[in-house]
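Please read the structure below before turning to the comments.
As written, the chain order gives the labels A, B, C and D, with residue 1 at the start of each chain.
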Amino acid sequence: MRIKDIESRMQNKFPDSPLKGDDTGVTGAKWSISVPISGIRDAAMEFDAAGFFLESITALDFQDTFELVYHFNCYEPGSRVTVRMLCGHDQVPPTICDIFRSAGWLEREVHEFFGIKFSGNEDLRPLLLPEDADYHPLRKTFGRVGAYHKREVIYG
Amino acid sequence: MSEGLLGSELFRLILGLVIVIAFSQLNALFLVWLERKVSGHIQLRPGPMEVGPHGLLQTIADGVKLIGKELILPLKADKKLFFLAPVLVFTPVLVGFLVLPFSPGLIIHDMNVGVLLVFAFSTITVLAILTGGWASNNKYALLGAVRSVAQNVAYEIPLLLAVLSVVLMVHSLSFSHIVESQKTVWFIFLQPLAGLIYLIAATAETNRAPFDIPEAESELVAGFHTEYSGMGFGLFFLAEYTNMFLVCAVATSLFFGGWNGLFGFSFGIPGVFWFLLKTYLLIFVIMWVRWTFPRVRFDQLMNFSWKVLIPLSIVNLLITAVVVKII
Amino acid sequence: MGYFKDIFVGGLSLIEGMGVTVRRLFQPLVTVQYPRQKIPLSSAYRGHIELKVFEESGTHKCIVCLNCEKTCPSGVIRVQGEKQKEKGPKTLTNYVIDFSKCSLCGLCVEICPTSTLVYSKEYELVGETGADCQIDLMARLATQVEKTREEKKTQEIAA
Amino acid sequence: MDELEKIEADDRVYSLNLGPQHPSTHGVLRILLDLDGEYIVKCDPVIGYGHRGHEKMGENRQYKQFLPNTSRMDYLSGLLYNHGFVLAVEKLAGIKVPERAKYIRVIASELNRISSHLLWFGTYLLDIGGITPFLYAFDDREHILDTLDTITGSRLTYSYCRFGGVTRDIDSKFIDMTRAFLKRMESRWADYEALVSKNVIFIHRTRDVGVIDVNLARQYGVTGPNLRACGVAFDVRRSEPYEVYDRFDFEIPTGTRGDALDRYDVRFREMQQSCRIIEQALEQLPEGEFLTPKVPQKLSPPKGEVYTAFESARGLTAYYLVSDGSPAPYRCHIRVPSFGNLNVLNDVLPGTMVADAIAILGSIDVVIPEIDR
């Protein structure tokens, strides 16, 4: 069971961050963990060592902060795990594209849509937007926007 | 020399050339229509139906459209070579028609080296393709042209070796001699392997699927004629079909008894119809093959030639030589 | 020996493939010659929307509630109505759809409280400009009413 | 001396711009290839020509208004994308779905999966030069489209699923047509095998071409048939059964070598498995409602997030929706399988030939608008 393996690895690595389990299955993940910006590379390395693959990277734009959401999964049933990382609007998280090769494009996508830079990722050319795009369309300050909340409004 | 001008060799040649050009063009138009019909029915659709009865005039309409189109010369293309290539591609085909034995009296110029002439000139086709591909100044076209050269070099060898085994049996390079010696038994029954090798190599020579790698539209867009528009493209297209007729006609003469009937019986059908019937049947087979198989890869194509066709044809030639010597 | 076996097996597979294609030569065609031959439309076919003509009233039942206009994801629908009496209900005066934007999702048809929006069976549509894609459902309704009336007449004559 | 060699080496390598207008790039993909002769030295896919901003659109619309958008991402399996989206929203809002609707969705989804695979089958053969199988596959696909047309009223972008069910109940006509289709396919598989699967040219074109091993697949997040061809039996329908997939007996086809031939084989057998699923679903189909009437027109799910994965025709697809309690999602992210499947080309293509590149690209089965979103 790789999920058990990664559970103990994460608890060792991040003793301060509790694993938030999800029994309802709504979030699609077995549990989620919040890691600090400095910890994402360590976490990714643990997932790589445990044989997980990176399913997606995406970001949420809040008034007070960005939140990066990494979904890891492995080839065993129901083993999805969410790793969340708060990242201030002017902070630069480290890349994990040397650990998971798929992260290269995913980070490029997050960068063009949200303007989050990843230190260490050399290739942050826009992926889906035109080559000369200097706007970040998924930010809540761009274009038509329904609501712009602080993080606690949704996550309490 | 009492026939005067009308009987002179020069007049025969010129008249023949005019007939050849007219026939080859009409024939190519018909073949294009036939190809579309065959492919259509194989694919459970009717093919062209709109212009003329069963779409018979469709290719003429297409030709008129092609003539009306602008000839686009790519920037930085070599103008002279670019326009030379489509013309060049037709020369060998037309020369080939001069020695084809349609029926005993219907040969424009019965040469004692007819077979040699056809194959000597057919090499020019590849020169034309290379010229066109090079002059277009387009990477896809150049890739197609380079592929075409390699392919033709590789496939001319088994082609000629297969033909050689027939020539050995007849001791002649004249088409009419070869056809006459098949009066009772076609050479395909004596030389089945050579016949098969000839057909495969001929398909490759004419750049037909599954050996159409110089054009390979899913890889190289349109290969060597990517940059050709209007009648430039049209000439390449017509040449392909005329060429196909030529190789099938040669195959008919060499292996399938030419104007002769089946096992010496002609069933009252004139020789020229026998000849055309067999040629069109062979053309149908080549079309059928095209609409059945995927395209082979470039290196596999070369492998097939060097590792299978050439050894087999050499062995076949050796056996033929030995048998001919003994008999 | 494997060399010859490969050639033989390979050749055989090619002949088998040619067998499949040549059989097709003698099978009936599956295509139809479109403008002359047409295949029947499925009963569920979703064309652009139109106003339904109800038999009892001979006209539509639109109450200008604007639900369709509000629910449309692409802003296709423009509905206008006006009150004929001071306190009475609104009557429809104008119903125009911009078909070039429509994605045929059917949300408007489902939300219509009086079921007066239905899918038409129209599929031969062509337009050269944006204006050609504007479909005036009120004008269309007039022809629909005309058509049903004629159909009724012919039926009566036949009866 | 070294310098001269370097210049020569530089001269040998030239770049070829494959696409966006190229017969085999399936839509608007552009690949910058550095070539040495016919061999590929470097490959850089350029995507985004079909970017429409679906994620931004999702944030600006009510949940149900985003429904038509979903089938326009992967237009070949639009119904599966519809299906996945309603699954996500139903989970988020806690909407119960009647049993019959679940079965209907599964049947329609599997039909759509077969039609998507059939289209891939045809175009893949087209890519490697066989034109006739393409039309045979389209002939079969036409039957599926006609069948789906009778219940959805549409042939490509279905918008068939609704929160709490589907738009239209299935009738005996649909069931008969589906059964007839299943029957028809039984004889078709043999034809395809004779025409393609056993064909020596086809096998030579695909065997050991574009090998993706398990580790490379994991590194790039490759999913779906491409992953199963490497020998990993990972299928969302089995690992996280949604709807009623846990009630059916079906196999997950896997390969061993991870090459183009295996990917072909896996998809080919997947179509047969989908037929099996449909057969069982038709048998078990219960009576009842096809749509819950209780879903409010303006749906405002509670605050929270949902991540729902489902198996589209190309692999693991997921909707990530964050709700702030309003009728429109705060964030709408879509995890698309083709993203990783295309990304892996960066490592697979170098060292192969141009002709192989086409064969590999086709075998990966990418749908570009899905990546571009």
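Going forward, a contact is a pair of C-beta atoms (placed from the backbone, for glycine too) under 8 Å apart; a residue touches a chain by one contact, two chains touch by 3 or more.
Because the structure is a prediction, the values reported are computed rather than measured.
Chains that touch both subunit C and subunit D: B.
When C-beta pairs in contact are tallied for each pair of chains, A-D comes out on top. Seen from the Cα centre of subunit C, the chain whose own Cα centre is farthest off is B.
Separation between the centroids of subunit B and subunit D, computed from CA atoms only, is 43 Å. Between subunit A and subunit B the centroid-to-centroid distance comes to 62 Å (mean Cα coordinates, whole Å).
Centroids built from CA atoms put subunit C at 51 Å from subunit B.
Residues of subunit D in contact with at least two other chains: 132, 139, 195-196, 199, 201. Within subunit B, residues 42-45, 291-293 each touch two or more of the remaining chains. Looking at subunit C, residues 14, 17, 20-21, 30 sit in touch with two or more other chains.
Under the stated contact rule, the graph of chain-to-chain touches falls outside the line, ring, star and complete shapes. Chain pairs that touch one another, listed by label: A-D, B-C, B-D, C-D.
Across the complex, subunit B is touched by residues 7, 14, 17-18, 20-22, 24-25, 27-31, 33 of subunit C. Subunit B makes touch with subunit C in their complex at residues 38, 41-46, 49, 288-289, 291-293, 308.
Interface residues of subunit A facing subunit D in the complex, by the touch rule stated above, are 25-29, 51-56, 58, 60-61, 69, 71, 73, 75-80, 82, 100-102, 104-106, 113, 126-130, 137-138, 143-147, 149, 153-154. If you check the complex, the residues on subunit D that touch subunit A are 47-48, 51, 53, 55-56, 59-60, 91-92, 217-221, 232-234, 238-240, 303-309, 316, 318, 320, 322-324, 326, 328, 330-331, 333, 335, 339-340, 343, 346-347, 371-373. On the subunit D side of its complex with subunit C, the touching residues are 61, 64-69, 72, 132, 139, 142, 146, 149-154, 157, 159, 162, 167-168, 191, 194-196, 198-201, 297.
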